[in-house]
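Chain naming follows the written order as A, B, C and D, and within any one chain the residues start at number 1.
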Amino acid sequence: MAHVVAPADAAAQFTGGVAEFDIAADTVRRLIAELDRRYPGFGPYLDRRMAVAIDGEIHQDAWTSPLKPDSEVFFIPKIGGG
Amino acid sequence: MSRQHISTVVNGDPVEFLADPGMTMLDALRDELGLTGTKEGCGSGDCGACSVIVDGRLVCSCLMLAAEADGKRVETIEGMAQGSRLHPLQQKFLEHAALQCGFCTPGLLVASKALLDANPDPTETEVRYWLAGNLCRCTGYDKIIKAVLDAAADMRQARV
Amino acid sequence: MTDTLDRPDVQTDLKIVGTRPVRPDGADKVTGRAVYGADFNLAGQLVGKVLRSPHAHARIRSIDARKARAVPGVKAVITGADLPDVATEFHEGGEAASNMRDMALNVMARDAVFYEGHAVAAVAATSAAAADAALELIQVDYELLNHVTEVEAAMSPDAPVLHAHLFTEGLEDVPSLPSNVARRHKIERGDLDAGFAQADVIAEGRYVTQAVHQGYIEPHACVASWGADGQCQVWCSSQGQFMVRTYTAKVLGLETSNIRVTPLEIGGGFGGKTVVYLEPLALALSRESGYPVKMVMTREEVFRATGPTSGSVMHVKMGAKADGTIVAADVELKFQAGAFPGSPVGAACMTTLSCYDIPNLRIIGWDVVTNTPKVAAYRAPGAPIAAFAVEQAVDDLARKLGMDPVDLRIKNGARDGVKAPYGPTFANIGYLDCLEAIKACPQYSAPLGPNQGRGVAAGFWFNVGGESTAAVHLNDDGTVVVTNGNPDIGGSRASMAMMAAEVLGVAVEHVRPVVADTASIGSSMLTGGSRTTFATGMAVIQATEKIVAELKRRAALIWDVPGEQVTWKDGAAHCADPAKEGAKPLTLKGLAGQSARTGGPISASVSLNAQGAGPGFGVHLCDIEIDPETGHATVLRYTVAQDVGRAIHPSYVEGQMQGGAAQGIGWALNEEYIFDRNGKMENPGFLDYRVPVASDLPMIDTIMIEVPNPRHPYGVKGVGEVPIVPPLAAVGNAVRDAIGVRILELPLSPPRIRATLDAKAAG
Amino acid sequence: MAQFEYLAPTTAEEAARALSAPGAKALSGGTDLLVQLKSGRARPQVVVDLKRIAGMVGVREEHGGFVIGGATCGALLGEHAALSRAWPGVVEGANLIGSTQVQGRASLAGNLCNASPAADSVPCMIAGRATCVIVGPNGRREAPVESICTGPGQTSLAPGEFVYEIRLPARPPRASDAYLRMIPRTEMDIAVVGAGVNLVLDAAGVITEAHVALGAVAPTALLVAEASQAIVGSKLDEAALGRLDAAARAACRPIDDKRGTVDYRIKVAGVLARRAAAIAYQRAGGAAA
């Protein structure tokens, strides 16, 4: 079960404020699909706006990144640079 | 308004071109003579990227009419190296990594040459105040000042 | 395909990485031969110019260009109506995610103008004089609207609303009325009230900063050619030719294959050249005129119409226990986005407390549109602004606790295993090492004279990985070409050549780095986000490793030995097969000479999405002297300590540290956008927009701390953006130390410092 | 850049005739004029380059004083040893205008006739009691420098008139001057406040003659009589400096603009007047104040 945390404002908009979830998924792609099933529209929003940090490491576009059973997944706004 | 015939000497070569009265020396160098090494950063004499030497005097070519160059000697960045042998300032700027984007570098090299022609042994402060009219946004000036001081030392050495 | 390196051991016995060769593109730059945006010309090109709005906010009723078209020499006139009405679509072309509709509207207005300087029409003519004459004859019928520039004014309910379709995102309940607040960002952790309840000391402040510009010396410039067959070409200076291609295609509604963008040298960007302004207009003018079109911005246009970074109002409240443990932090950030949504307040929220391990925190960020030029990225976008507030609140805490400001930061500092406020757990970070380095540096203990002060401040930036492509080709004589898609703003060609040379084991002079156009190399994200040496470098290393693998295979073929018997060292294949005793090593030159017989040209290309960009930390120390009678501030001494991972070319890493510090010092002391009552910028030029000059600054001392990033073969971390984060607060803390009172509003100009001293004297 | 005709007459009379034409403007260093041409603030039909007229470029000593050609650039003044010794303040003012590059072009007459209240070279010319020789369609006349500027961008010159040369009077012994200005950076800015002080001392170090002129605190540079009276007869002691400070502040009629506030300019005018006086006093041979 991956422990997932989304930013408070994204949660406010789609999940009525719930920002932490536990989801059984072995890839980020499937994890996002499950979130979209629970909160319609949340999946595309996460894909468009969010980068993913898995166990402390940021992946900008990481559908294929594998998840360990006890992985900690953070959704964080995509980061631009100057 | 008729175009004016201008004859001048650029980097030691006699040159002639036609100039609208409103054309600046910078426009003439870049658009008429194809010497694009001298750059325009502001057009108002506040950045120094257009620095050239006219009759031995360091000036902003964007604040000078092309017509005023008639009969004058103009030195630009393109004239600093002797063939493929770089001027000591050009070499030191490379060795010290005294440039990043390089856009201000031509103006700074011409201004530094004018400085060392007038003052072969400047202090750090003298270099900084002489070059205050040449803006650089990338380097924070540190390596530029060190490169100029290093080149000055080499050039004094060479003169001995 | 994504080549993900899981856990490579960071190599340490390196021969070229860490040296300081002269950059391969240097000669052209010091002789004036390098070709920047405005230096490129095409035969028969027209001069393109833009008509810009004189009003900060107005509806466009109509535009009459008939007289303009009649001017002799005018070949094309375009307005918003000549460009597609682009639908809202978020696209990852350069920065995080840009709304294509907003970008198109910023390139040229359609129904309304949202800032003074907003493009409303453009002309192309055979001469500048004809183009100028035409601009003056374009009649635009404006309906003036109320405007607002200041961020808090724009947030108030009675403010004029810029976009009727704009409803604040990120709120619990979707608002019913449109407003100028595009988005609220929120990060929370722990129990804020409980945290503050434990605090023995509180530091609080309302901080204000103004919009500032990246200040690159090269104005935007491009040449564009629309072929009769619809094939378009663009030559321009930008931070990413692929970004220009993507955005230009979107704005003009073209297929990407129909646009080829050739990168020219770029005269500075700092994030400001990560969007398009002129390229779509030049192409549209070229289409209508049938000629190539060259467009070059004036310095005034660069200030009025290209992205500054946000002006801001910030509230910070921090609490600490007597023993120095920071227990709570409450930060609210209100940022100008300019004419369209998209300020860097999100990144500011994520970075503002990231140097600290604070259990209870709340960070709120407001993205607010205003009638000012659309904000663009400026080096670690948003982070310097937020650090100006937080790093001074921390300074106040240290004073109230009677604690050394560096010790307070060491006690609460982020370190491996600490969870960042925005989520991930830090690993392999050198923040504490930077703090210790500053504490030990000579400046920290040097005596101070009268009216002098010392300030310290810290800074963080994520650094970005992202998509990069690199290709390596072996030439017939054994020399090498390394091609990539990232414009070289600060010496990255040198780093690419060094990394390839290191893998090959040859001298860097034999490796020629090239920045290719969009049709000659795989796609690459732009140069920015401190990513190039990390991500593109990784692609270069992997591509070169493929070359070495192929060379070993070719050598095994030549020696007719099993592949495992061949090793690669110091630029040559060595044969370990006992049967081939005495076989001479096969050098690059030798293998290249026989490549036809062993399988053909030797080339390799790698495209990847680099993961694991190591975050960067920096700590700055500023000594300043204030003239109490004039309020003039002089920076006496400045030291920068920064975790640089592994410096590939140390001179250019030092250059980033010094350049970032100088921009931050300018931002702190004298730089600001000044708007008059009509929302018109009063200082659109380098005379009154005061960037630091050579005589303003001391030498900037640098301390490079190398804590390698294991996700890169040589341990590279991004270094370009962190150095601009601390200086605003380092200067602010130094001024506070010198005059005994804190000034909470930038810039710290002489009039403001003198007024503060007078108020203090008046008690 | 609007189109115009460029003329480069070789005699002053020719220049005066050319400048009498409607829409004619004089060009010396060009560091103000070209900026105005490009921004459209100036749209002349004719530009008359004065630099080829004999006497317009150069410095010569005459009857103990100095005569400076109207088109002489500031850098050249700095290289003239005798002038720099006699009039350090005037030379300082000229050599603070803009950058090294600008000082390679900008002239005293140009700086004066551009009539910016903040012109760096004007306070010390006024304090030095300099006069200018003006050539026009009906001959030459001489006028004190302070009579030239009548308001921001306006001068008392009649159509066709231009400043042919600046004359600095002979210096008595123990006389010197100094110029200071307040700018946010260390170079390149327009003066937020400027102060020029010219002093003559007697053998005992008592100030027998004093002239104080302030820049950027009124529509034109100001010659402040009360400031002179505040220090004449003193050895520039604290009391005298205090009176000078007050007199300077009282004379100011500044504006708020993007470079400074009214309150700031008034206060700093007093500060710079004091400091410039102290430097001039020291240069004139008085003990350090």
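Here, a contact is a pair of C-beta atoms (placed from the backbone, for glycine too) under 8 Å apart; a residue touches a chain by one contact, two chains touch by 3 or more.
Computed from a predicted model, the values in this text were never measured in an experiment.
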- Message: C-D versus B-C: which interface comes out with more C-beta contact pairs?
- Response: B-C
- Query: Using mean CA coordinates as chain centres, what's the subunit A-subunit D distance in Å?
  - Reply: 68
- Note on the structure: Per the C-alpha centroid definition, the whole-Å distance linking subunit C and subunit D comes out as 44
- For subunit B paired with subunit D, centre-to-centre distance based on mean C-alpha positions, whole Å: 29
- Item | Shared-contact residues (touching 2 or more other chains) in subunit D | 3, 186-188
- Task: Pull out every residue in subunit A that's touching 2 or more other chains.
- Result: none
- Task: Check each residue of subunit B and list the ones that touch at least two other chains.
- Result: 20, 43-44, 46, 129, 131-134
- Item | Full enumeration of touching chain pairs | A-C, B-C, B-D, C-D
- Note on the structure: So, in the complex, the side of subunit D touching subunit B is made of residues 1-6, 8, 27, 30-31, 34-35, 37-39, 47, 49, 51, 73, 75, 98-102, 104-105, 186-188
- subunit B residues within the subunit D interface of the complex: 1, 4, 20-22, 24, 43-46, 48, 51, 54, 57-60, 62-65, 67-68, 70, 111, 114-115, 129-134
- Query: How about subunit A: which of its residues touch subunit C in the complex?
  - Reply: 5, 7-10, 12-13, 16-17, 48-49, 53, 55-62, 64-65, 72, 74-82
- Note on the structure: Given the complex, residues on subunit C that touch subunit A span 2, 4, 90, 92, 94-97, 169-172, 174, 183-188, 214, 270-272, 274, 344, 346-347, 350, 377-381, 422-427, 462-467, 528-531, 609, 611-613, 711, 721
- Note on the structure: Touching subunit C in the complex, subunit B uses residues 20, 30, 35-44, 46-47, 49, 76-78, 80-81, 86, 90, 93-97, 99-106, 109, 124-125, 127-129, 131-146
